[in-house]
């Protein structure tokens, strides 16, 4: 079996070029989708019968919550690939994912909190979803702190990869335990997403926004990964030749 | 001289024995987490109210939080001395499966710090207004919980052993991962107090423990191998 | 292709330390009864090479062969035939000399009190057997580490500056131990600044260049 295509793809100069040509596509497509979804969500979609216009923050909150989980899984998969097959590019990708995932998590927490103010009258409630997001933020922060505390980038890569893998096994357990905890404590509370049916007109912009966020993720990862490659390969010949 | 290769189980037993011997010669260090545990739980009545019936509501949770913090505190130095003096290097090169040796070390550590916390917990709990009827659940939940935490903390300690400001970092890494333990453990105690059966959360704690037991050694040995790369 | 009669072989080993490409295509082979002395100025990568052989540092590219077969995927088997004496003595100050051997060398081979005593005698610190390692002198600690190496009963010795802290009698002891090991069909690879078996027929040199 030939793995040459794979190794070629994973070679830094090649990856650097490909990412450079991909990034603008991701960037413009995500901008277009996010603008479209924003217009659709804010103007075209009907107001909620219970929450009025306040629910519209859902169009930022739900996609960022989804992306925060998605990014963690991508990060852990990249870290695992890097650890097992010793591919530096995969470690670099994991490193590039972490701040993006942490930002998504933070955005989900912030929008959830802003949403909570009109709904519950306080900035923070120990709702299952928000609590899970908070714990996920802790996981991201721990990952980044561990990575930052090594001087040797290769040790940083491998140590943080072990942590990401332990973390990704734990994420479902944390999620489940928080849900369980929350239902025990607030059996009658209003949960945000359990409405019997959500109008299709409300759903379309949501999906558009999720797609836009995914593309944004692609753009952000491409750019950060290029930065990582430059930083890691600063002494390599191909870069000196290119400069 | 023809040497007989040591069986893995005997090797793990040697590691366990060694740590017990070392602890016996440094018993004052072993007692510290236990003292910390009692001191932390004393802070809660002082900070809130001396009323036992009010304390009872948070009692289970307080015992759990204090136990987690105390055993984490002790875990920080778990591998430090062994990495610094080159012992772990020899473990890596011993030809024995590293994960088992590390698990034996964690087991010794648990016997020295986790188990005393478990045994002490009814006394501490009584101070927080917990009735004798919850002793069994409190101890069994802590038994499973501190066991899992020792393994999680062992992974964290192995990752942070050669790192600046390791102790704060260790807490930052391990505490979020330990949240499910806290949730299930303290809920088991309060369910028992409310007259519900705590079997559900206890079984979940046991499941998490066995998962940690089977996967933990793999993660620990990977982490130690990274730490000896110097 | 295996070099004739070689028990251990390194092929085109490359290793990095941070940004520095320290080992570039280092190849050599060692036959039974041979002592390979790795020399070169400070920082040239002697310790790195020894640690790569032990698997304590990852190599990038290159292959290690033991008994004609690549050790990839057979690390534990290889490790069991490998005895390592590093910069660190791997001793616990709170344990006695005997206990140190029991708990560390005992992980590899099953030891009896007699074998431990015989080995302590061989390295000349039998009378210190029940003292805590902390109270031993630097040279005695090194001797204790040598005792651990002997008890490992390994075919391939990897020695990093084995004569550090040793007096002339100690250096002679190390030379005797190595020669004895080689006469029993063993191999040894060492990094050393000092004279060590420099005129012996079993010696081969590997000069690392910066």
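Observations on the structure shown:
Letters A, B and C mark the chains as written, and numbering starts fresh at 1 in each.
As a convention for this text, a residue touches a chain if its C-beta (ideal position, glycine included) is under 8 Å from a C-beta of that chain, and two chains touch if they have at least 3 such contacts.
Keep in mind that this is a model prediction, so the values were computed, not measured.
Put simply, the chain closest to the centre of the protein, by Cα centroids, is B.
Set side by side, A-C and A-B show the greater C-beta contact count at A-B. Chain B and chain C have Cα centroids separated by 36 Å. Centre to centre, using the average C-alpha position, chain A and chain C are separated by 48 Å. One inter-chain figure worth recording: chain A and chain B are separated by 32 Å, centre to centre, where each centre is the mean of the chain's CA atoms.
Counting only residues that touch two or more partner chains, chain C has 58.
Residue positions of chain B with contacts to 2 or more other chains are 229.
Across the assembly, chain A contributes no residue that touches 2 or more other chains.
Listed in rising order, the residues of chain C touching chain B in the complex are 54-58, 76-77, 79-82, 84, 86-92, 94-95, 99, 102-104, 106-110, 115, 148, 151, 153.
Of all residues in chain B, only 152, 155, 159-160, 163-165, 169, 172-173, 175-177, 179-180, 183-184, 187, 204, 208, 211, 215, 219, 222-223, 226-227, 229 touch chain A in the complex they form.
Interface residues of chain B facing chain C in the complex, by the touch rule stated above, are 1-6, 10-11, 14-15, 17-18, 21-22, 25-26, 81, 85-87, 89-97, 101, 228-229. Residues 16, 18-19, 58 of chain C are the ones touching chain A in the complex.
Residues 86, 151-154, 234-235 of chain A are the ones touching chain C in the complex.
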